[in-house]
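Next come the structures, one after another.
What follows is a pair of complexes built around chain A, which joins chain B in one and chain C in the other.
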Partner chain A sequence: MEEQRLITLENIHKEYDGVTVLDNINLYIRKKEFVTLLGPSGCGKTTTLRIIGGFENADSGRVIFDGHDISGIPPYKRRVNTVFQKYALFPHLNVKDNIAFGLKLKKIPKDEIARRVDYMLDLVNLKGFGKRSVDSLSGGQQQRIAIARALVNEPEVLLLDEPLGALDLKLRKGMQLELKSMQQRLGITFLYVTHDQEEALTMSDTIVVMNGGKILQIGTPKSIYDEPNNAFVANFIGESNIFPGIMVHDELAHFCGGDFPCVDSGFGEDQPVDVVIRPEDVLLVGEDVGQVTGVIKSVLFKGVHYEMMIDAGHSTWKVHSTTMQPEGSRVGLAVVPFNIHIMHPMENAQPREEEAQ
Partner chain B sequence: MTDFHVPVWGYWMMGLGFAAFVALLISYIHKNRGFRRPIFASPYVLWIIVFTVIPCLLVAYFSFTDPQGNFTFDNFKNFWDSNFNARKAMDPELIRQYEDMGLTLNDLGLSRDSINIDTLVFSLWMAFLCTVICLLLGYPAAHIMADREFKLGPTLVILFIVPMWMNFLLRTIAMMSLLEDNGLINSVLEMIGVGRQKLLNNLAAVQLGMVYNFLPFMVFPIYNVLNKMDYKLSEAAMDLGCDKWQTFYKVTLPLSVPGVVSGITMVFMPAVTTFYISRLLGGGKVQLFGDLIEAKFLSTSLNEWNVGSALSLIMMILILASLGLLRKVDPEGEGGGIV
Partner chain C sequence: MKTIKRIYLGLILLFLYIPIAVLIIQSFNAGESRAKWEGFSFIWYGKLFEDPNIMNALWITVSIAVLAALFSTILGTLAAIGIHAMRKRPQALMLTLNNIPMTMPDIVTGISLMLLFIFTKVERGYVTMLLAHITFDVPYVILSVMPKLQQMNKNSYEAALDLGATPMYALFHVILPEVMPGVITGAMLAFTLSLDDFTISYFTTSPLVQNLSTLIYSQARKGIKPTMNALSALMFVVLLVLLLLVNKRTDKQEQ
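This part shows the complex of A and B:
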């Protein structure tokens, strides 16, 4: 596996005016991998991207690219290209010259530039747009040109800084699939920055969840969704019910006034824990057969499902179900052991993480 | 008490001007709150008519008439033959008599010279030099001020603005006392052993005064454009393989063209019509086209007004032409507006 690592970040630390924005970031990216940095704004994901692109320098730590330390090397000497958040297309050049910009600098013969630009225009479905001015293009078209302008240089890594943020929902969804298939076809490593968890889940091979300048969890979309490390990740990736509870012993948790068998172990006996349950994993059953009983407080129609808020065991449960129960009715709630996720409580999790480093 | 009083109509005019200014402010503040701007604009329109449109029409009228008010193109002939009107005013018979006595037209002060056109060409040359120097000094200054990394940028902007709050005449007189034979600069030169130099009353002093006065008009349009430019564009250029220098001439420079054009126009126009700076710093030895026009209007002989008007009109056409050029390059006025 070691030789597949294209980029390695080692102990990256960065401060702006005394405020820590990146706190000891360690991360590696494999060749041809689609990695997404996911987190709320201000979590340090864009700064991480800019450090890899060469636009910022880390205060300490190393960036290893293909076995060489590239910290301090200017952007124009790095074998990466960036798709900027607001595209940053050159307004004084037409579409063709924008795409050809990097190739012209490399003194590539004219006919080859023309060939590669045409290929790129074809790839991003904008054949025949070469002579247009970039201002005359729609947001989605500008987006494609920005991608073409970066990809035409055949970078080893493409850095994408919230490239779909300015597009409307429908266009965004279409572009997500297009980007993913482009990445697979070209075999280029993508490092993608977004705050949209759905986007991250759709496109990524690996998701890196960040918050407050730290990496909270690295994993495949499925593992991050199914096995969040802590309450923040659970909450950020999809919707969650998070309850304080007690781990009675291995594979038995007590919360919301009920005992729930689960599959987690190794937390010790009678230890405080956080329990995470996805709204769609709560089953509505008869009042007499539920693990706990509750009263339905509100019902919202959400299209595919109903979202019900249910009071049970001094807590409010958010439940997604395709069948509706009337407001005020009493129901039983059940969760299969596999869908109960036990985590160390947030405040305990932090110091432990630092000890490990 | 002085011998000069503001005439009664002067107070009316000032009142009118103030009203126009207040009306402008109010109409700006209440742009979309039901006030009808045309009403508030009327004092301003009146102001423009009285002090801009009518004088312009008068200039046009004078330049196409003789002192008696008859239509003529003769005033424009003075442009390339500076004594045309003076010669015409004299009895040709008298001139012939003088010539018979062995006096030349030159002796009579009626020579067929082209002082006016020469002065204009010289003024254009001085203005051109001034513009080039301002551009060479101003672009780097604007670039430094607009640099995101440079923390003192905003301070520099203030330092450039503050001198502009002072009347340009005061600044020029201050410059004069700096350059004097016994001025500050000469004292310093003597102290360090270089010795006193003749700094005042020459072309270089006039040029220095022009550059000093007009430099901000170059710096700020360029600064505005550079400051508004998305820094991500430079980053994108670097990302695609440009080093610092390539980033500048492939992206920054082409995108700052509107500011440069605006700056060039805003320096060149006042520079070509300069008239007081040349007198103060040139010691009367350097005459620019502006000085020439001024002299025509201050002249005691009446018909010089007509010649002065004709010369002014030529100047105005030049300025309008350059304004038109500016509109072509920078239609949104992006580079315009000081600060």
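This part shows the complex of A and C:
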């Protein structure tokens, strides 16, 4: 499987003015994979991208590209292209010349340049915009031109730095789907940076969750959502109830004053653990049949569901439900074993698991 | 109240422009006397262009202004790009260092340059005057290019490298085209400043190499000839037009 790895980061370390921004980053990216670096601002995701693009150099560690160490090689000699957060189109060139910029540098014949530029304009649904000035385009159109300008060079990897960050919600959703389908059609490896967890879940084959310059978890969107490694990941990806608890023995956890059968094992007996329960997985049942009971403190209408905060003595539960219970009423809470996720408290990053080998 | 405001403003403008108006009117006076109007005439303008001293000074003034503008624009633009790429603290330091010479009185700049040339045993003349003009022009060029660099998308240069451009190619095909309006404004400003400089030129040239303003000064000490009126009037008009052009450009860029 080794030859499938297009990019490998080995022990990347980076500091700015004595502050560590990347702490021992190890990561590999397979050919044709859509990998997303996800984390809050300042977590090091953009710096990681810039190191792969060649705009920054790591203080230590290696960047392996297609079997060769490319650390220290300038950006214009790397077979990657970047879509920048604020487009960075060249305002003195028209749309066509922006897209043709990289091809002209490669001394490609004029008629082929014209052909490939037209193909790209078609691909990003901006046929006939070639002669327009970039300032006359909307944000979404500029973003498409930036993507076309990068893709026309047929890079092996496309680096995207929060490319949809400046677009409004509806446009963003549309572009997410377009980008994903473009990636699948062209068979290009995408490395995508975002702080938007929903975006990451929608588009990625693999999500890399980062915080504080460290990788916290690497996995498929589903595995990261269903089985977060620690409280940070659980909180960052979707909404969660996180409770401190005790693993009584395999498949039985005790938290919030109740015993909950679960499906996790291997944590030992009477060990402290963190328990994650998604708000949509909490069932509201009769007071007498709940695993714990509580009083509804607040009800918020969220469109698809109601969000209720329930006070259960020493803990507060966030519950999403399509049926509303009046404020102040006593309810029972229940969770099916499969929906209880047990984590080691404050667990650190685990190496990426080889799936299905 | 409104009339008082208008009269006040009128008075200020009157005091500001009366000397220049007198000068311009005098330059059309047919007689040599400054006290008596002897009819309208272009005679002094004609004489102006027959005087070899004045024509020589005009050539020196214009050639120095062109060369000073050219060199200071190249130096200043490259310096601005370099300063822009610095980190915050050294950048602030460099901009302060850049501003100090502009606030310094011309006479201090002039005398210090003169002392430098004497100290280094460089004979004063055309070259020293040119060097002095380049020196006082550079900060102004930096100051007019800087805002354009700051307006530029900070990823533009990186985007060019990313698409395969060498740093040199990116400089000429991405950065320079984007900051060109600021570069042109800087060049025009440098040209104008060089054209109308007296003090610094006076201290950095020899009596044998005179530009227009030092020539006017040395002639005026012997008593003002009417040709000097015509020359001053011409310089005023040329500088006025240049300044209007520079101001118009800066206004447009700020929009």
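Following the convention adopted for this analysis, the second predicted complex is superposed on the first by the 345 of 357 C-alpha atoms of A that agree within 3 Å, B and C clash if a C-alpha of one lies under 4 Å from a C-alpha of the other, contacts with A are read in each partner's own complex, and residues count from 1 in each chain.
Rule of thumb we're sticking to: contacts are C-beta pairs under 8 Å (C-beta built on N, C-alpha and C of every residue); 3 or more make two chains touch, one makes a residue touch a chain.
Worth saying up front: this structure is predicted, and the values here are computed from it rather than measured.
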Clash or fit, chain B versus chain C on superposed chain A: clash
Partner chain in contact with A:Phe338 - chain B first, chain C second, else both or neither: neither
First (chain B), second (chain C), both or neither touched by A:Phe90: both
First (chain B), second (chain C), both or neither touched by A:Tyr119: neither
Shared chain A contacts, counted only where both chain B and chain C touch the same residue: 53-55, 74-76, 80-82, 84-86, 88-92, 101-102, 105-106, 149-150, 153
Chain A-touching residues of chain B, taken from the complex the two chains share: 230, 232-233, 235-243, 246, 250-251, 254-255
Contact footprint of chain A on chain C as seen in their complex: 153, 155-156, 158-166, 169, 174, 177-178, 180
Chain B-touching residues of chain A, taken from the complex the two chains share: 53-55, 74-76, 80-82, 84-86, 88-92, 101-102, 105-106, 149-150, 153
For the chain A and chain C complex, residues of the former touching the latter: 53-55, 74-76, 80-82, 84-92, 101-102, 105-106, 149-150, 153
